[in-house]
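Next, two complexes with chain A in common: one pairs it with chain B, the other with chain C.
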Partner chain A sequence: MPETPPMTPPMTPPMTPPWTPFALFGALAVLAWGAAALDAALAGGRWPGIVTGPLRGAARELVRQRRRTVMPDVPLVRAGVCALPAAAVLAAVVLPLGERPVADLSVGVVWFNAMEVCVWWALWLTGWGVNSLHPLIGGYRFVAQGLAYELPHMFALITAALGAGSLRVSEIAAAQRGLWFAVWMPVAFAVYLVSAVAMAFWGPMDRPVGSDIAGGVRAELSGPDRLVFEAGRYLLLAVAAAAAVPLFLGGGVGPALPPWLWTALKTVAVLAVLVWARHRLPGVRMDRFTRVSWLVLIPVSLLQLLVVGVVVL
Partner chain B sequence: MGLSERLLRYAAGRPRPLLAGVPHGTRVRLLAEAELTRRGWPAARSPAEADLLVVCGSPGAALAEAVEVVWADMPAPRARADLPGDLPPERVTAALDGAARHLADGRAQRLDVARRTGRSGGDHGQDEDHGSGMGGPGGLEMAGRGPDRDGLALDRLCLPLGPVLPDWPAGLLVETVAQGDVVQEARVEVLGGAGEERFWDEPWLEAARGRSVTRDEAARRTAAAHLDSLGRLLAVAGWDAEASRARRLRDRLLWERAGGEIAGDVTRFTRRVRRSRTLRWMLRGLGTIGPAPGRDGRVRGGAPDGPGTTGDGSAPRGPGTAGGAPGPAGPDRGDVPGRLEGWLARTEAALRGLGDGTRLTGDEGPRGPVGGRPPAASPAAPPVSPVLSVLSVMPGLLAGAELAAARLIIASLDPDLDQAPSSREAARA
Partner chain C sequence: MTAQQVAFWALAVVSVAAGVAVFTVDSMARATLALLVSLVCVGLILLLTGLTYLGVLVILMMVMEMMVMAVFMVMYMMNPGGLMPMKMVHNNGGAMAVAAGVFVLLAGGAFLVPWPVRRGGLPADPTRALGVAVMGPKMLVMMVVGVAILATMVATVVLAVHRGRGDRPGDPEAEP
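Right, the complex of A and B next:
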């Protein structure tokens, strides 16, 4: 991360109301549920089934036994599984719910990125710990995926921070009152969306949990382990979509409606696009994608960074 | 028991079935898949995810053993539906209903758990894992080392693929030695099932036996067979949306007796698949079967230049086949997207025969000559079943492939093991 001195003198943010953590948690849960329902609807599900499907799935895992593999490393698996939703929620604490986030850190973008990187850890531990081959291969796949997406992802985040001259997410959102970053740094926005899908191992980038390796990392999970893992997966997708709003889509800025509602609407729109992409695109394998990532995505995101840097100067 | 009982019953409204395909159980598998789609029960990807095991067909000893391992790997609550190959459609529905009821039955589930813990001393982690396709290194032997394709010394792991995996040819077991996720060696086995039925070749076999079969029936079966293969390949390629579209079209052709109106939907499907640049990018260059010396490649479908495609299967093939090469019924030459395109083209070609009420005479089934009648040209040579030539090229194609590529290659060959002789071993590398 380059050290970008804040353009505006650092202001002391007003206290966040004590109910915001609950609002954040509720909003994320609703978004995750909505993503699962939309996914089922696009897959041709019918009306009550698409809404009750995730609930029935959750009920099912609550009454199910854990699957025990031969000589698993149980603490590692538990840590990995629990880290997934934890990383998603912790990444979300710096995202403004309307105008203010739960924790308005001065290094919000770095915090967000650091929490995302915990997903590498979570998937690798889960895949490794259960001591079974398909999850292990899923873990390999996610590490390869991380090598492909992480650098372009970081450059996209830095570009937004550079455009606003701040690493504070609320200030990045506030810097877009005139023009959304998605409009004047479209390459960074596109790279962010691609890498967000990869980070949430969703849709075309879901090969680490792909059906061709029997569910990959989660192949041996059942009962509460699977419930926490799947919940974490959808939460992560929701957080990846929600972060696009303050970083590139102007945050809560919009006519007529209150900021929180604009934030929600924009988040739902991005989330819908990400869910839709799963149905529109076949799986993308890293043995082919990494070349494009390093030879195309990294150079163009650096170029975007340069352009933004020159404009800001 | 109030709450957990209620949760159990609520969850049983939407089980996650794992299908175990068995050779000669294709018809019942298709019936079960159509019924599961109708009910909106999403398929499980592994035993740990499944709570309903649907065995489609009557497995032989080796396959039954593998199915038992999968059954033992399934955590409670669980239920099982065994569908013998000759089960009538309405009984398929009844069997699934029964399994769902068993799943919702708290008492039965508790008994099942008690029985299991009693038998294995409270530790069902001791289940032997070979053959399930899901397990770890079963007897906990340490992985040996060996040089890999990139010149590194990496652990060599024995990774069996199949016989119970999603989107996998029924009865196929591919024993691989893998380093990382790169397949170093592969050995192909066929685990058979009881019965004689060869669902995809049925119209041609019936016609050869002298029964009257319409060309419409053959067209339906051909198109459905290719759509089934397409569904598998697209699912393995990670494109669930188009895979389920292919399967839906297949079901409409077979069970809903869809007429000419289906052609438009099929065209939309083939167009979407053909237009996907991502799919081509991902599949290009995988599993290439080079041109054989005798140029006896099966080039069928769109281009009408192959002399072997017209009329009966007894028509002369390419010039190279006269030398006794057993190659006429092999898989398509080219790579995975080439075979995908072959299926798309042949599906469209077959649909043109829909509604043709004339009598079927040929021997050319969806996967080549069905062997219903001996080839007139060389009655001495036993007809080579198409599946055997597919299985014989498979190990060579898999060696050196990364696991995802290996799965795609296998899906693009999609051997129909209903055609295989019911021996345990069919091919070795």
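Right, the complex of A and C next:
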């Protein structure tokens, strides 16, 4: 190490315009709403009920009374329910809304993953605190699912970071001007999509809130709690889809259109695929699929990491 | 006081208060959550010192580790339901004596050690500089030891568990 290292303050990223947090909230809300509407449409809903349905549902939950269980741990339930949307939004602050994110952290990928694992706590606290059987089972199911998928998820994220030589999400997006990472590291992209669906307990991996245990974690939630939980669930799905864009799909790079529009279009496309997959793929039993995760997904993601490492070297 | 100092003191107070809460609450779930809050505050304090990677990594690891710990603590509780109040302290006199002794030792060290004066400016990558300062020429040894510990853990589990609980008759890999 040199005696007098250069003065480069690491904690002062370039300032983003003050309206970007509002743009992020707005975009996430619209994406979550759109995901709920598309989900309703695929379930056989009709126009315009599918579009107004989520809003009417939200209004209904706002005025509905809370359901009381015997001896609940109310602070833990509130903490868990509120942590779900909070974790989703905090994970999204490092994702570029075009070219710059709200907070351009130098370790954005690690931050994103840290906020994702907060969802484990959110679901476990909710399932535990209401003191009811099915939510408890759902909470434990999600912890097992998170543990099974965290390692492949982490390796997929690290592969993208390795390809760009940076943990900063905007630099990972910028490194794909020539070729999308989804093209030359397809295994990492596939592993990311599978594990992100698992981390967002969506589609085939929605057993923590599955119908076989009467709704799982959310079985006893009603009123505002239910609203916040469901909103957080769709927000988390939207954020999982949005993260695939800067990490694997070239971020805002594209011809003719401005970067923010390309980012939005790609995010909508990924989100639509994830919502569609829910209606086309059967549910997955976690105790069986954990083996697939550890014996197949982890080795192939490590091999992908090795290949990318060799190419980068 | 700068904003950084205000943030430091706020995080420090919350961290200690959450640490106290670990021993005053009466449920394992609450105690583990309080411990998580305390450790996340420590991670945020690391962020304040410019150790961005270490700070975020501490938050990531602690969120996961405390989750696993909560599962195990609940599993080992005498009252696995866990919602009945339970006593979180035992052997109060002895524990207080040990805790006070350790606190005096550590706090005394913090006051008595001659603190170095900063030479030069902030390095471009404080996490890297810290790693080099702590590990120095032993970096390769530490890396090898890390992998060896991981291999030992995996091998121990493989040897200890002949068949996993996930195995069921009819699974292709399951032995007869």
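Just so we're on the same page, the second predicted complex is superposed on the first by the 300 of 313 C-alpha atoms of A that agree within 3 Å, B and C clash if a C-alpha of one lies under 4 Å from a C-alpha of the other, contacts with A are read in each partner's own complex, and residues count from 1 in each chain.
As a convention for this text, contacts are C-beta pairs under 8 Å (C-beta built on N, C-alpha and C of every residue); 3 or more make two chains touch, one makes a residue touch a chain.
Predicted model, so just to flag it, every value in this text is computed and none were measured.
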For A:64, select first, second, both or neither according to whether it touches chain B, chain C, the two together, or no partner. first
Can A:215 be said to touch chain B (first), chain C (second), both, or neither? first
Per the contact definition in the header, classify A:44: touching chain B only (first), chain C only (second), both, or neither. first
After lining up the shared chain so the two structures overlap, which partner does A:16 touch, if you call chain B first and chain C second: first, second, both or neither? neither
More chain A residues in contact [chain B versus chain C]: B
Which holds for A:140: it touches chain B only (first), chain C only (second), both, or neither? both
Touching A:120, do we find chain B (first), chain C (second), both, or neither? second
So the chain A residues that chain B and chain C both touch are 71, 131, 140, 287-288
Of all residues in chain C, those that touch chain A in their complex: 27, 29-30, 33, 36, 50, 52-53, 56-57, 59-60, 63-64, 66-68, 70-71, 82-83, 119-126, 129, 132, 166
Please output the residues of chain A touching chain B within their complex, sorted ascending. 42-46, 49, 52-53, 55-57, 59-60, 62-71, 130-134, 137, 140-141, 204, 206-207, 210-215, 218-223, 226, 278-285, 287-288
Contact footprint of chain C on chain A as seen in their complex: 1, 3-11, 71, 73, 75-76, 79, 105-107, 110-111, 113-114, 117-118, 120-121, 124-125, 128-129, 131, 140, 143, 146-147, 150, 167, 287-288, 290-291
Could you please specify the touching residues of chain B with respect to chain A in the complex? 4, 7-8, 10-11, 13-16, 40, 42, 45-49, 51, 73, 75-77, 113, 123-126, 129, 133-138, 140, 157, 159, 165-167, 178, 180-181, 234-242, 244, 248, 276, 278-279, 281-282, 402-405, 407-408
